[in-house]
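Down below are the structures I want you to see.
You will see chain A twice below: alongside chain B first, and alongside chain C after that.
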Partner chain A sequence: MALQLLLNIFLAFTWMFLGNSFTVGSLFGGYLAGLLMIFMMRRFFPQRFYLLNVIAAIKLVLLFIKELILSNIEIFKIILRPKLDMTPGIFALPTDLEKDWEITMLANLITLTPGTLVLDISDDRKTLYIHAMDLQSVEESIEGIKNSFEKAIKEVSR
Partner chain B sequence: MKENLEIIFAAVIVLGAFVNLVGAIGVIRLPDIYTRNHAASKGATLGTLLILTAAFLFFWVEDGHMNARLVLGIIFVFVTAPVAGHLISRAAYNSGVPLWEKSGQDALKAKKQKAQSK
Partner chain C sequence: MKTNDLILQTITKIAIFIILAFSLHLFFAGHYTPGGGFIGGLMTAAALVLLLLAFDAKTVKKIFPFDFIKVAALGLLIAVLTGMGAFLFDVPFLTHTFGYFDIPILGHTGLATAVLFDIGVYLVVIGVTMTIIQTIGEDE
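Right, the complex of A and B next:
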């Protein structure tokens, strides 16, 4: 992805030098032209066309914001209820993400999802230990959310 | 049009202050450090985020002044708050702070005991 982005910027500069006009507008035009060229040459790159990664990253950010708002509503319901009747607990979640930044991203997302907080990551980076606010009711649905997160992160790094 | 937008921004700032208030109530009310950390890390993040976003938009609409520092502040809070929550609760767990007595399972405990017996 970084290679394609760098190549695109290089093409934009080449476009600027060819046109002999050094403005932001011509840089942008060159960027679009370079994007088209890279799209046509996409079969020669080992990775996929990089705009798809950018779209996946934007989707991840939107998911992040949505989960943050949902988690706050969830926590409010527990805090403002007159009786504290939740059962907190710690459970283990196996993950198959490999790179360090992916695991960090997943841990951050989990911390901001409804009623979960990452406590520890095992030394072999295969298991996340998560503290849940309300264990029984949430655990199943949390697994689902996590699968969607893991999928979104994998989509970004593919 | 401008007045309407200002009312919306004011509402967002009040909402952010309310979110922070509920987070603070949660820190007082909840029983142990881990559940308190839930309230602190989530409530503070969203509340601060809402207030900073509304301030950014207000100065943009009112003065036509785009303050990039507020945007950077939003991103920094967004990225660092969950990490801080994680580190505090991890440090608490490793120094042996007990969970609330009504807690359910404790998967991490079994793992720690296994590591110690080796």
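Right, the complex of A and C next:
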């Protein structure tokens, strides 16, 4: 990912110097040309073509916005109920993410969606302890998070 | 009991660059827009304090192996020397000049000797702030 991006920027600058016109437009044209070259040579890189990672990152942002709106509506419903019949609880979420930034990203995404809140990370970084405002069933919550956020983050760092 | 500070440390590693960039921007913005040596120095010190909070004093000492009292002294020395520099041109103490120069890459740039004085202020603020915080922090 980083290697391909650096190579692409290098190719853009090479393009600019070959054309001898030092403008932003020329640099952008070189960037697009370099993107095409890297796409043709994608078999030779250890990682996959890096535009796919960029698309995955954009998908993650869109997913987060969707989840934010949906869970805000859920919390809104709970607040406006005359009777308080929610069941708060704490559950442990086993995670297979390994890198520091992945775990941080997952924890922040869980915290920023209302209704769930990350309390702590275990010392071996395998478990996240999450407080839920309205915990219907533990398995359902774990499945929900695993299928949405964790999958999207794995897709970004593949 | 030691907790796992994973999130704080990861975010700090990213945020520290943004804070340092902003503090340098404030430092150089001081001539025509709000900013300057004092607030730039405070922001840089704030970045170091964030490092102290997320990691520990030993790590910060490893990254910035300076004696902060000496940093403050160096800043004062620079400020005084820029003031004395005015004597070389037979003008009163602390007189500063500015001029426009054509630098090859940057083009038409205004350079002022007040920036040199500002560097002194910047270093004094960093040195004093960090000395205060480290002295309080090391009282076990």
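Here is the rule we go by: the second predicted complex is superposed on the first by the 151 of 158 C-alpha atoms of A that agree within 3 Å, B and C clash if a C-alpha of one lies under 4 Å from a C-alpha of the other, contacts with A are read in each partner's own complex, and residues count from 1 in each chain.
In this section, a contact is a pair of C-beta atoms (placed from the backbone, for glycine too) under 8 Å apart; a residue touches a chain by one contact, two chains touch by 3 or more.
Nothing here was measured: the structure is a model prediction, and the numbers come from that model.
*Asks:* Sharing chain A, do chain B and chain C clash or fit in the superposition?
*Replies:* Once chain A is superposed (C-alpha atoms), there is room for both chain B and chain C without a clash.
*Asks:* Go through the superposed model and pick first if A:M133 touches only chain B, second if only chain C, both, or neither.
*Replies:* A:M133: touches chain B, not chain C.
*Asks:* Check the contacts made with chain A and report whether chain B or chain C touches more of its residues.
*Replies:* B
*Asks:* Just checking: does A:D100 make contact with chain B only, chain C only, both, or neither of them? Give me first, second, both or neither.
*Replies:* Touch status of A:D100: second partner only.
*Asks:* After the superposition on chain A, what is the angle at the C-alpha centre of chain A formed with the C-alpha centres of chain B and chain C, rounded to the nearest 10 degrees?
*Replies:* 70
*Asks:* Would you check which partner chain A:G89 touches, where first means chain B only, second means chain C only, and both and neither mean what they say?
*Replies:* first
*Asks:* After superposition on the shared chain, which partner residues are touched by A:N147: those of chain B (first), chain C (second), both, or neither?
*Replies:* In the superposition, A:N147 contacts neither chain B nor chain C.
*Asks:* Check the residue A:L80 against both partner chains and state whether it touches chain B (first), chain C (second), both, or neither.
*Replies:* Once the two structures are laid over each other on A, A:L80 reaches chain B alone.
*Asks:* I'd like to know which partner A:N108 touches here: chain B for first, chain C for second, both or neither.
*Replies:* In the superposition, A:N108 contacts both chain B and chain C.
*Asks:* Please indicate which partner A:R125 is in contact with in the superposed arrangement: first for chain B, second for chain C, both, or neither.
*Replies:* second
*Asks:* When the two structures are overlaid on chain A, which partner does A:N72 contact: first (chain B), second (chain C), both, or neither?
*Replies:* Touch partner of A:N72: chain B, not chain C.
*Asks:* Chain B and chain C, closest CA-CA distance after overlay, in Å?
*Replies:* 8
*Asks:* Could you list which residues of chain A make contact with chain B in one structure and with chain C in the other?
*Replies:* Shared contact residues on chain A: 107-108, 118, 120, 122.
*Asks:* For the complex, which residues does chain A have touching chain B?
*Replies:* Touch residues, chain A against chain B: 68-69, 71-72, 75-76, 78-80, 84, 86-92, 107-108, 111-112, 115, 117-120, 122, 129, 131, 133, 135-136.
*Asks:* Using the touch definition up top, name the residues of chain A that touch chain C in the complex.
*Replies:* 100-101, 103-104, 107-108, 118, 120-123, 125
*Asks:* In the complex of these two chains, what residues of chain B are touching chain A?
*Replies:* Going by the criterion above, the answer is residues 19, 22, 25-26, 29-32, 34-35, 37-39, 41-43, 45-46, 49, 79, 82-83, 85-86, 89-90, 93, 99-100, 102-109, 111.
*Asks:* Touching residues of chain C toward chain A in the complex: what are they?
*Replies:* That would be residues 3-4, 6-7, 9-11 of chain C.
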